[in-house]
Amino acid sequence: ASLSSRSMASKTPVGFIGLGNMGTPMAKNLLKNGYPIIATDVFPESRKELQDTGAQVVDSPADVAEKADRIITMLPSSPNVIEVYTGPNGILKKVKKGTLLIDSSTIDPAVSREMALAAEKMGAVFMDAPVSGGVGAASLAKLTFMVGGVEEEYQAAQELLTCMGANVVYCGQVGTGQAAKICNNMLLAIGMIGTAETMNLGIRLGLDPKLLAKILNMSSGRCWSSDTYNPVPGVMEGVPSANNYQGGFGTTLMAKDLGLAQNTATNTKTPIPLGSLAHQIFRVMCSRGYANKDFSSVFQFLREEEGQ
Amino acid sequence: ASLSSRSMASKTPVGFIGLGNMGTPMAKNLLKNGYPIIATDVFPESRKELQDTGAQVVDSPADVAEKADRIITMLPSSPNVIEVYTGPNGILKKVKKGTLLIDSSTIDPAVSREMALAAEKMGAVFMDAPVSGGVGAASLAKLTFMVGGVEEEYQAAQELLTCMGANVVYCGQVGTGQAAKICNNMLLAIGMIGTAETMNLGIRLGLDPKLLAKILNMSSGRCWSSDTYNPVPGVMEGVPSANNYQGGFGTTLMAKDLGLAQNTATNTKTPIPLGSLAHQIFRVMCSRGYANKDFSSVFQFLREEEGQ
Amino acid sequence: ASLSSRSMASKTPVGFIGLGNMGTPMAKNLLKNGYPIIATDVFPESRKELQDTGAQVVDSPADVAEKADRIITMLPSSPNVIEVYTGPNGILKKVKKGTLLIDSSTIDPAVSREMALAAEKMGAVFMDAPVSGGVGAASLAKLTFMVGGVEEEYQAAQELLTCMGANVVYCGQVGTGQAAKICNNMLLAIGMIGTAETMNLGIRLGLDPKLLAKILNMSSGRCWSSDTYNPVPGVMEGVPSANNYQGGFGTTLMAKDLGLAQNTATNTKTPIPLGSLAHQIFRVMCSRGYANKDFSSVFQFLREEEGQ
Amino acid sequence: ASLSSRSMASKTPVGFIGLGNMGTPMAKNLLKNGYPIIATDVFPESRKELQDTGAQVVDSPADVAEKADRIITMLPSSPNVIEVYTGPNGILKKVKKGTLLIDSSTIDPAVSREMALAAEKMGAVFMDAPVSGGVGAASLAKLTFMVGGVEEEYQAAQELLTCMGANVVYCGQVGTGQAAKICNNMLLAIGMIGTAETMNLGIRLGLDPKLLAKILNMSSGRCWSSDTYNPVPGVMEGVPSANNYQGGFGTTLMAKDLGLAQNTATNTKTPIPLGSLAHQIFRVMCSRGYANKDFSSVFQFLREEEGQ
């Protein structure tokens, strides 16, 4: 009963924890939609910025949990999520029964399941809802959310997520949102390196890059990295390869997501030969000056000719 | 002058060498379009079959070259092409000046360039025009031709190729047709293994395969193997995965094409980490019972669980 | 003071938890050396077997901790270690101050560090001491122990470990024993697959396998897998390849150790391209009938020819 | 008859073609052993240097073949060998019946077999005899020769090869010398990258590099790269890693040999997953500033930490 009364009661305060590059614009979009926000972050400047736009700022996740029965978290990695939920000043210290906890961080699905169990013990409900789309999509409320958790609570989550995203997809039990995100990004990574290798080989064999891209895109080699985000400068406009690989999705972030894919594959004894090699390649790139470039710079990493 | 007179003179006899699963329907489509065919093949049954549909059959490539000034070859691999063109009874023994030689085999582009040089010495013109699309597309004249060679001769080649295919793409100098074919198939192989790994990982993480395919296809993981030829049984209809991986494009053929990619990459000192690993994977599959299954059976190869 | 009094007091009871294929002969060797043993295991039959040789058997790790101030654990994987140390009937529930805890399981070094911290809170000392060498070496007290932990306690550990092994190597702080074990096995896995590929390639190129092994072993290709444990049947005697890959070190166990290497590499952002691919290869082998064969059967996995 | 008279007649002139870093000291060692040398090279300076030490210099391989019935060739790659043997001024233009041709270049074994066939047509005998050991070993006559060819001629070859090397190993039919060389270097490459990865991982996990090397070398991880040529600075003296990776065996040369391994594996349909990935890694290194460093610099390539 408490669950349904909460999820129907819209426009009551929403908690938001994690005010980084992604979290801040997401929280602002909730504010725009009329939701009072109770927020916190470890960095005072981040708290200040959101406060200036009308949010109420508190000191800790526990304080957020005292004041809000719907809370969204957007954090860098698994250890942060564990700390924010189960740490000494964590959400679960003061969470109210029936609270809906939505974690939009990209983390190991096993950690999502642990958090869900810990929340359940306190009478709260945890859902994982990682996003695809970057800072731009976050600002424009055009993110895609992949949601895992109890189906009965999905509608309540959807109400908030649609304020921040254009697509909200229900994936199944807790952890499947993370699983979908990780799977997509692994295939993306493979497709991007594959496209970079292929374009590079074709160019060395005498093909014009634009023509090769056109041939691939009308054939069975077609993929998102070849037709929407081509890594070869001069083939497409408006993509990072047209702008010296600035902006976009950083190689470090891709390496992090592939680390998650690697861990979940290892733990489920699933062979991922190409995913695993893609992980290694982006890992090496991180230490060779590509960490902050868009991940399509793998074309640049591979193309350089000997002796140059 | 001889060149242009030849290329304008349509409906004069066309030579056809290599009457296998692909060559026979291609030659028949030329017959349907009113071109007299002078054909040969090493296998008498293949010669007989085409003779029964109205082609004139002769004993050797040299004999074909005596009677036709436009010749198409469709052969299994580089050594066959070398033999048919430069062997003791090869085309070049009796080729007439100005003859147009179109090779639709999938071979090493370096061999195409060698053949072009040898043809040029005899006053003939060689173009490479490998195809994508299988036996079905060959029968329905729906192949895609990727053509490399002197641009002035492209129109003459196109006249014949459009009788056998739906798309004819000019790629550049001799060898670039092969290059385009090899590049496409390498990226296809990478995308297929990547899709198989990803679907398998997602399923083990609790995702429904149809839902996962839908999510990938609306996201950046999208590729031809995920949206048009999904390797997971039950996700799509009308693809080999829906029919126990019968039909389609055999693993052996994919391994052969990846061998070509590997060789051209090695010879041009081009790094192809994923292409190279994809080659190894299909190579191992060939010796583990997957040689004649469609290459999307890599999903089956990777999915099997331990202890089963 | 309590620490040094304990570590000097030899022949007082030693606890032993985990009486599997490895643990049982290890505990027996301590008995042979005159140490009273207080043991437990989840399986009654295993407890019974050790009881029959003179050990005192108790119900739980906590009970062991009540009666012994030196305890050795030998368990299959990280979750078992966590349970045995920190579970509801775990060692740390009743551990005495100054107790020396030696874990010979092969697990993630991060878990070893966690256990060490948890033990420290209770006033106990934890060391990791994984072994190399199989069941045979365990019976003959010929194991090699790689030990991580506080250096002052090393001597006390060594006293017990030398009863069970021929080599005891101090590696550094807690977790470095695991690190050394994982590193060795990763390089072993790479060397074995490399040897298998190389021997297979050489044989196909016309070389006699014994001659090839001899050449490698006098050259820079030499490694333990080529000169001591050659994977090709007929090259050496007394190794698993001479006995249809029975006995030895199972593919599943190697896959498990490579999973640990993979996880530690991912978590420390260390690129391990070959280690990672080796992991994938043994993982695939596990699901294709090689799980219980010796890991040198990778030669058999790779050698099979197409069409056979 | 002519063959045996030739092979017994020692101290008659020996031809030598290819006076590079390796060929020059090899030819000098033959001179030291009292063999008159008839030499040539494409570079006048190289011819001059050898002339100054007492060799007779001629203009072309054909000229060498006119004056010597035992000829050694030491050339950079397959195309050079083809040119020197079968080109317009090649050996086979003027070779005498019964001449013994020994090729010490490292090339594709298929090319060795082609040269052997071409030589046989002219009544000459061709053997492949590639070397291991670098410029230092060449100067000190400490090379290892791996010899392929007709067994009856092996003794005649051995007489000359022992003047230039410490080990001469008969491997089998023509091409098996190359096969043995390629196989050894492939396993060497795998072992070196494996050692570099392993040492790097161990260091990041807190192990002292010297201690880790010691542990590996007494365990199953042991290989030539860990115990004789360790890639980590500070672990060993007198190896390239102790000298900023100067000297030794250049990454470019290793990449070349791995290209040969890759090609022979592709052509014999042999899976070499780790060999293939090792090839790709050294290929990438070549274009990132490591081309002329010793191949053990792969440690440096992999170790660099992110953000540095």
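The first chain written gets the first letter, and so on, giving A, B, C and D; residue counts start at 1 in each chain.
One rule holds in what follows: a contact is a pair of C-beta atoms (placed from the backbone, for glycine too) under 8 Å apart; a residue touches a chain by one contact, two chains touch by 3 or more.
The structure displayed is predicted, hence computed values, not measured ones.
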item: Chains touching both subunit A and subunit B; value: C, D
item: Of B-C and C-D, whichever chain pair has more C-beta contact pairs; value: C-D
item: Subunit C against subunit A, contact positions shared by both copies (same if over half, else different); value: same
item: Centroid-based (C-alpha) most distant chain relative to subunit A; value: D
item: Centroid spacing, where centroids are CA-atom means, of subunit A and subunit C in whole angstrom; value: 38
item: Whole-Å gap between the CA centroids of subunit B and subunit C; value: 51
item: Distance from the mean Cα position of subunit D to that of subunit C, given in whole angstrom; value: 40
item: Where subunit A touches two or more other chains at once, by residue number; value: 269-273, 277, 281, 284, 286-287, 302, 305-306
item: Subunit D-facing residues of subunit B, complex; value: 255, 259, 262-263, 266-267, 269-273, 276-277, 279-281, 283-284, 286-287
item: Touching residues on subunit B, where the partner in the complex is subunit C; value: 252, 277, 284, 286-288, 291, 301-302, 304-308
item: Touching residues on subunit C, where the partner in the complex is subunit D; value: 109, 132, 144, 146, 167, 169, 171-173, 175-176, 179-180, 182-188, 190-191, 193-195, 197-202, 204-208, 211-212, 215-216, 218-226, 228-229, 261, 264-265, 268-275, 277-278, 281, 302, 305-306
